[in-house]
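Next up is a structure, given as structure tokens.
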Amino acid sequence: MTFSAQLMRAVEPQWQAMLAHPFLRQTADGTLPAGRFETWLRQDYLFVREDIGFIGCLLARSPVHLRRMLGEFIPALHQEMALFESMARELGVSLEGVEAAPVCHAYNMFLLATVHTRSFVESFTVLYGSEKAYCDSWTRVKKLQTRQSPYQRFIDHWSSDAFAAWVNQLAQALDSLAGRCGADEVKCLEDLLRLTARYEYWFWDMALTGAGWPA
Amino acid sequence: MTFSAQLMRAVEPQWQAMLAHPFLRQTADGTLPAGRFETWLRQDYLFVREDIGFIGCLLARSPVHLRRMLGEFIPALHQEMALFESMARELGVSLEGVEAAPVCHAYNMFLLATVHTRSFVESFTVLYGSEKAYCDSWTRVKKLQTRQSPYQRFIDHWSSDAFAAWVNQLAQALDSLAGRCGADEVKCLEDLLRLTARYEYWFWDMALTGAGWPA
Amino acid sequence: MTFSAQLMRAVEPQWQAMLAHPFLRQTADGTLPAGRFETWLRQDYLFVREDIGFIGCLLARSPVHLRRMLGEFIPALHQEMALFESMARELGVSLEGVEAAPVCHAYNMFLLATVHTRSFVESFTVLYGSEKAYCDSWTRVKKLQTRQSPYQRFIDHWSSDAFAAWVNQLAQALDSLAGRCGADEVKCLEDLLRLTARYEYWFWDMALTGAGWPA
Amino acid sequence: MTFSAQLMRAVEPQWQAMLAHPFLRQTADGTLPAGRFETWLRQDYLFVREDIGFIGCLLARSPVHLRRMLGEFIPALHQEMALFESMARELGVSLEGVEAAPVCHAYNMFLLATVHTRSFVESFTVLYGSEKAYCDSWTRVKKLQTRQSPYQRFIDHWSSDAFAAWVNQLAQALDSLAGRCGADEVKCLEDLLRLTARYEYWFWDMALTGAGWPA
């Protein structure tokens, strides 16, 4: 079993909980309450915008052999932002002046705090978790779909072979870092991967309930 | 009006919401559900432990004239941890192996991400907000009290003249930083102070409901 | 006078010293001792490689309106690395296993420490300084040239209209940040711009003398 | 052989070069040119002041079991600054408005860049190296002394049993971190320890020559 697969196994309960979140099923079968997908879209747009900074910070900590891969992910995220902007126009959703919901802010803070205070392998594990979460979640949506969705371009983007190949590339990169890790470090990686799954779950939850700041 | 007072005025709605949180009133009048104060105690212990690192990072970014004050706050936080440990023993609460609740983790991440990615004045404003929040909140509890509380040592600690003097010292230090800030920076400070009040509210909320990770 | 021009004026002595460094004149007139340009090439290759991480970290701290510009600079630096690799092959210089000279290491550390502990405007000023230094220095070489150089592609790259346009774009971006700065902050920017010119001078000096670690 | 001793063995050549630097011998036998010790004193004072920030940042990255030790080092460094101030008064040296010499700035930047971009164990290794360097260097001075020095209080401070005990405590702490490290990480630790010895050598060299910025 590869290093990355071992890490994934350790967080199986949280991963399955994330994949079983009703937001995904309701997105697939079209029963999502009105406006909820739009909430997700606007918050995830903010999330991706800040995620670019997380990748930028990873670059400065990366072993040389992974830098080009990380550097090339930045224009890829610019393209992802363009997908959001295009879908927002299509759905009549405004992306201007959106305030980050609590979990959106918290998840971005988690990424930034991690990359600044933890080892590269620890932060890279969080990156792997967040990308794999999207791959697995939207592939789940795709499988559950019975008819075309108004959000099809998002579903197709993250359930594509190209995206799966990217996530696989990250898994191999993570495997290449095993030589940096003693047993205590592996334990840290599992804890961070678990937290990543939890933040992902929480993000779906926010989208479904539309919960913002109470004051 | 001082620079710090102007900033506080901009976040008045969030500040008042925080001070009006039922956790404070119920702590004061003894109607808090069983176990809730203990939840708060265990989570806030974790929070303070990580807060020390936030102060440490502030030290590295501080203008020379504020470094000693920040450096001396680290042993003060060690003493605060000792207060938690002593109260935990008194109340029969275990502080071992506690897992950070979502908002406890998120608030710590907010502090660490802020100190690493924002200017010193911005991070210092968040420190001021978090300390003033405790001063104002526990002073509110103290005022609402009608009889002695089993948690009196906490209430007295943060509503003391000594703690108010510390918060006042922070306000003056913040005022000394006004010369670093143009108008755009002042807007950033207000946003961060507002977020601080919101995280504080959220923390009281978690204590009252005891909400942990769903998976 | 623009904000960026005012900052430049404050560091005029250090800027002129940098531009007057014999390494530039000797590169222009072909009197550089054998192997010295190669020393510079190998060290600057390492410098650029780490500089990408500096830009990545800037991204995470940037106001939204400057993020795309910074993000697009990362592939531009990848292309610059390709220029170094191509020139190294042409000149028969190996880029493998090069150890960073003291000033190369120190300058990279200066950039990374700055972006992590100073405000965005402060770090952006250092970026502006380092890019403008290359524009001005190689334009100086170009002007002093009397005949074609074996290093012509480097000279042409940084003395090109395209590169001057990029540096001008950075100047305008810096001007857009004036609203973040009070008088004390402006003083910090000048100090950092001065340090940037000094590190640049020091880098030319290392190239000319070939000085490495004494042990 | 302990983990820390193995690391030390890998950098033996650089360590011996540092200990053999003429600044130490000339400090011991009183043949240092006039003003050179004062140069060292003024620069090292700046270094220690910034070093406190490095320790503060380490705190935020530290495993829980090492936090108190690191936190308590901050007041110890405040006391060390007081020793510098007292010695400066005694020797008639002004500590006001001193500009950091190139290597003083570079060494501080190395520490700050390291703590922000490398793993905790990597940064902690640099801390260990810098403290052990002072212990070994000043113990060397003490051994070479034939008569009382005007700088005796510095010599006695870092060659004391108390300081040796502190360095030994750091070695044991480093040993406790071996479980975090795979083979690739150990290689990184050696490289960073080597760099630390080199910066220390360079610092003695600057003190001996009094070299500042050329412009």
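By letter and in written order, the chains are A, B, C and D; residue numbering begins at 1 in each of them.
Definition applied: a residue touches a chain if its C-beta (ideal position, glycine included) is under 8 Å from a C-beta of that chain, and two chains touch if they have at least 3 such contacts.
Note that the structure is predicted; figures quoted are calculated from it, not measured.
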Are the interface residues of chain C and chain D largely the same numbers on each copy, more than half shared, or largely different? same
Return the chain whose centre of C-alpha atoms lies at maximal distance from the corresponding centre of chain D. A
Looking at chain pairs B-D and B-C, which one is connected by more C-beta pairs in contact? B-D
Could you grab the centroid distance between chain C and chain D? Build each centroid from C-alpha atoms only and quote it in angstrom. 30
Would you kindly tell me how far, in whole Å, the mean C-alpha position of chain D lies from that of chain B? 35
How big is the gap, in whole Å, between where the Cα atoms of chain B centre and where those of chain C centre? 42
Residues of chain C whose C-beta touches two or more other chains: 53, 60-61, 112, 116-117
Tell me, which parts of chain D touch chain C in their complex? 13-14, 17-18, 53, 102-103, 105-106, 108-110, 112-114, 116-117, 195, 197-198, 201-202, 205, 213-215
Residues of chain C touching chain B in the complex: 60-61, 116-121, 177-185, 188
Where on chain C is chain A touching in the complex? 49-50, 52-62, 64, 67-68, 70-72, 74-75, 78, 112, 116
